[in-house]
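What follows is a pair of complexes built around chain A, which joins chain B in one and chain C in the other.
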Partner chain A sequence: MGRKAKDVLVKGIIYLATGITLSVLLFIVGFIFVKGIGLVNWDFLTRDYNEKVVYAFVESNDVPLNIDEETLNGKNPYDKRYETAIEGPIYVENIGAAIAKVAYKNHSTEREQFVITYIEKDSPLKSAIDSTGKSITIGCDYILQSINGNDFAGLTLEEVATTIADESGELKIKIVQPGGGIKSNIITTLYMVLLSLIVALPLGIFGAIYLTEYAKPGRLVNAIRFAAECLAGIPSIIFGLFGMAFFVVALNFQISLISGSLTVAIILLPVIIRSTEEALKTVPMAFREGSLALGATKLQTIFKVVLPCAVPGIATAVLLSIGRVVGESAALLLTAGTVAQIPGTLFSPGSTLTVQAYYVAKEEGNIELACAIGIVIIVIVIVLNILSRITSDKLDVFNKK
Partner chain B sequence: MQAIKRKKQKETIIEGFFLICAFVAVISVLAITVFVFYNGLKPFVSNSYPLWDFLTGVEWRPGSNMYGIFYMIVGSIFATFGAILIGVPVAILTAVYISEMAGSRVGKMIRFAVELLAGIPSVLYGVFGLGIIVPYVLKISPMAQGESLLATIMVLAIMILPTVVSISETSISAVPKEYREGSYALGASKIQTIFKVVLPAGRSGIMTGVILGIGRAIGETMAVMLVCGNPIAGIPTSLFDQIRPLTTNIALEMGYASGVHQELLYSTGVVLFIFIMIINLAVNKLVKAKVGS
Partner chain C sequence: MDANIKFNTKNLDLFYGDFQALKSINMEIREKEVTAFIGPSGCGKSTFLRCLNRMNDLIDSVKINGEIIFDGQDINGTIDVINLRTRVGMVFQKPNPFPMSIYENIAYGPKCQGMKDKNQLDTLVKESLVKAALWDEVKDRLNKSALGLSGGQQQRLCIARTIAMNPEVILMDEPTSALDPIATAKIEDLMSSLKKDYTIIIVTHSMQQAGRISDRTAFFLMGEVIEFNETPIIFTNPLDKRTEDYITGRFG
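And then the complex of A and B:
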């Protein structure tokens, strides 16, 4: 084969390899979006994962229907992917809402339920309270199960409508708030990000200051650098094991928000140390010399001159760290658990978005839901990526001048 | 005088505080090592389970007190090796394209894409593997399930791409321009220059990337857990066999294990830790060698 032919062939292989890399990326992102986008909506983001049964107390009050029959029938607030309409809707005046009978598919089980499809503007349901007197929201596609002790199971839609219409005064309605949302996971992720940053950020920044501003080359610095490198190379499952042995068991923090965030804080250390160090190094020596020449102490120089210049670098560190926490799963699986709930205290468990994505994919085999969570994660990752690009560009100003 | 002295004292105290902060990294590494090794070596020291059976056994049945991880070690190594075999050539050639052949705009775009690929959490690779790769493997597999060594290799090969691409690309870009010019002046073509001059010159950096890729592949847990099958016994003999890497063994059972069972999960972690330490030392040596030259 001639040299030219060979070159063309090799070039072709290089193009092919690059093409593979790019198409893999597009394929993965595309797959996740296509599979999951159908589930992403406002309810998905704002609802709890588990459905919740509550008793709502409502003062009945006749509210006439303000829209015409056709619009009411066209209202389809319940989720078509999960539910298929069987009967209805029928408007019931004393609760100011329309109900329909639907076959409600909850993951694997299928059951027939009575679902609210429309709520009038002045409906008494709007001012519903729970047993403690706290107001609760009742929305469309919430499930009604009983009223004043009369269970709806096995009734036809019309019978249910009459049962409700026959009641008056204060109504005690058993309602199921639908689940399937990721609100608790979003909030847990936020908590995790905040807590781990509160711990890791000062340690990392001050550590980096020591390494760049104070330390003289020698054993100590080498040891610290080596340790940071080791930390960066340890897989997260080992951090999980450590977190389990130390925070969960030895310190008796249990599987909880605090165990998870402290474990993740250790994972973040090398990230923060490295980016802060790099940022501090870009601050020109002349700045420090100028400050010292004006009579400032070393500490003053660091806090008033060097650190302000390194802010974009530290911002990059923060963004990278957020990305790490959002993406972390193996360590959190062992230290923070898989319970989809908003952690009430530092010592209660909670699952972040990624852990939840794993959980629904593995334990429930629900790829669509995992992809829907994936979309939220990818959007966060892309936003962080773009932001960190902007902040690291800002840091380059010293070098450009 | 007093004020200056006090100021100096304050500075020293704060310097000490900074040192402690920096030292947390060292403490963490020590603590992790001590805790994992302490828990992991306990069953062998206290003779509650023989080390030899642990390391050479090919069955993991906590119910009948059988804890062998040899088949997991083999699974981990096969999966990592396969992923390197597929992922590394693709990654290095992509790096070559970005740094040697692409225009600055296209290069920037691909770099952004690679960074994004690096930012996608491993769970999502697993979900992708479970949704696309596993069903595909099932179609061509003689077995009854798609979760397999092959699926694991595919997922890991994709996951190491960004690591290897970005580190190789950095080291290829760092090769001095004069090398290329010298090669062209001798009449070599661009492709010859890339493969005979640039890549050999960037060798140590590329090797670092590859070793970090190995580290990522062997330490990967969540993505692998979704696609590997996690059998309780058996050394994989074909690409379609299920495997149970060391990492997933830990993650799967740590939640409910107790007693010797739990300690032996820590022991699994110790074995994994030793693998990772060897890899870390290799990277360290390579980086030092590069600085030396």
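And then the complex of A and C:
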């Protein structure tokens, strides 16, 4: 074979390898998007995962329908969970809203329910309050179950509409807020990122400062570095087990936000120490000498000159850490739990997006939903990436000529 | 003791690990004079200079024997090293302005000493820049990064930064070796004008520079001071053969 032919062959192999890698990546992302994008909308992002029963108190008030019947029919913003209405919709004047009867799928069971399909602009439902006087939102897809004690179960839509229309004055409506959203998971994820960074960043940065600025090179430093590197290579399930045994059980923190974030903080430490150390090492010795020669103390030198120079490197560490927290599943599964709720306190459980994706895929077999969560995760990671790049450019002291 | 002696070293030995870089150095450096150190590369000039403000503390392997008396006090004794460095400033071979604004570079040292008053700092920054002959060039860009200055300007900024501490002694390690002739000339002028207020010790590879600016010159060789005398004598009438060889370029 001639040299030219060899060249062509090798080139071909290189292109092929690149091509395969790229297409696998694109395929995966594409698959997730195609599978999940149908579920991603505003409601998906802003609703709770579990449905919730509330009693709404509403001052009834006749509101005429402002659109014609045909438009009303066309305006049914049905949730994914019901295909079409079984009956209706019918407009009910005294609550200023249209209702329809739908087959409502909840996990495995399927029931007939009455849902709100349209709300008029001046509808009294807009100023609904709960029993404590706090205002609550009522929107489309919300399920009506009873009014002033009259249960709707087994009624036709016609009967329900008259039952509602017969009531006047203050109405007490039993409503089911629809679930299926991932608001709580998004918020839990943000909490988790914040808390673990609050713990791990100072520890990691001070650790790195000790290693590069204070520790005399030798066995001890090498041992610490070796330990940090080993930590970085240990699969996170091991940390999860530790977190479960230590934080959850021994310290009795329960399965909770705090157990989860402390466990993740441990996972983050080596990453942060490593990148901060690298960043500190690239700060020229001349800066330290210059500062010390001006009579600055070592601490002043570190905090006023060395650390500011290392900020871009530390920003990278933060970025990597965020990626790590958002992507963490095994450790959090064991320490923070799979409850889709906004953790009320540090000691309440909550599931992050990734854990939730695992949970719905594994326990509920809902691949579509898992993919929809996947899309949100991908978007969050990309946004954070861009943000931290911008901030690290902004903070880079060498960039400001 | 002579009141005009700023530094006085007695039998100063310095080791980097096992390697002896300075051998029994005895030298008296006078106040408000320019003292130049010359000698071939690796002979220990920088090492000696760095002894005078204890910059060698940064290097773990360094061991020092002997005494360095500064204004009657042994600087390796109980003296506070921070205080020593505010009194003995240093300008390095490569300009090393901090990656901050020009203003912050000058204000850095005083701020580290606890000076907070804005007006006081403003005046000090201006005074220092004027003394370092840099004010006119940078007065409109005090808040711009110092890294945007030219090499010569950066070095003058480093001198201004040192002056802002109002030290008694300024140590300079080949301060013009990274600069072009014009910038070098400016810094040499600057040194001559600083001489009346400060004691200046400069390491240089340029015989002409030593001749132009210094009052006394020390010739180093292999960690020893071969000859230390008034500059004109060193350059016209050296006592030691090795000094003469070096000065006339016959060395090596």
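Just so we're on the same page, the second predicted complex is superposed on the first by the 362 of 401 C-alpha atoms of A that agree within 3 Å, B and C clash if a C-alpha of one lies under 4 Å from a C-alpha of the other, contacts with A are read in each partner's own complex, and residues count from 1 in each chain.
Please note the rule applied: a contact is a pair of C-beta atoms (placed from the backbone, for glycine too) under 8 Å apart; a residue touches a chain by one contact, two chains touch by 3 or more.
This structure is a prediction, so every number in the text was calculated from the model and none was measured.
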{"item": "First (chain B), second (chain C), both or neither touched by A:V102", "value": "neither"}
{"item": "Touching partner for A:A296 - first (chain B), second (chain C), both, neither", "value": "second"}
{"item": "Which superposed partner A:I119 touches (first chain B, second chain C, both, neither)", "value": "neither"}
{"item": "Contacts of A:A372 with chain B and chain C, given as first, second, both or neither", "value": "neither"}
{"item": "First (chain B), second (chain C), both or neither touched by A:A336", "value": "neither"}
{"item": "Partner chain in contact with A:V10 - chain B first, chain C second, else both or neither", "value": "first"}
{"item": "Partner, of chain C and chain B, that touches more residues belonging to chain A", "value": "B"}
{"item": "Partner chain in contact with A:G207 - chain B first, chain C second, else both or neither", "value": "first"}
{"item": "Chain B/chain C common contact set on chain A", "value": "297"}
{"item": "Complex contacts: residues of chain A adjacent to chain B", "value": "3-4, 6-7, 10-11, 13-18, 20-22, 24-25, 27-29, 31-32, 35, 202-211, 214-215, 223-224, 226-231, 233-242, 244-246, 250, 266, 269-270, 273, 297-299, 323, 326-330, 333-334, 354-355, 357-358, 361-362, 367, 370-371, 374, 377-378, 381-382, 384-385"}
{"item": "Chain C contact footprint on chain A (complex, rising order)", "value": "216, 284, 286-297, 300, 304-305, 308-309, 397-398, 400-401"}
{"item": "Residues of chain B that touch chain A when the two form their complex", "value": "7, 10-11, 14-15, 17-19, 21-26, 28-29, 31-32, 35-36, 38-39, 89-91, 93-94, 96-98, 101, 110, 112-117, 119-128, 130-132, 158, 161, 165, 189-192, 195, 212, 215-216, 218-222, 225-226, 247, 250-251, 254-255, 265-266, 269, 272-273, 276, 279-280, 283-284"}
{"item": "Touching residues (chain side chain C, partner chain A) in the complex", "value": "53, 55, 58, 60, 82-83, 85-86, 89-90, 92, 94, 96-100, 108-109, 112-113, 144-145, 147-148, 158, 161-162, 165"}
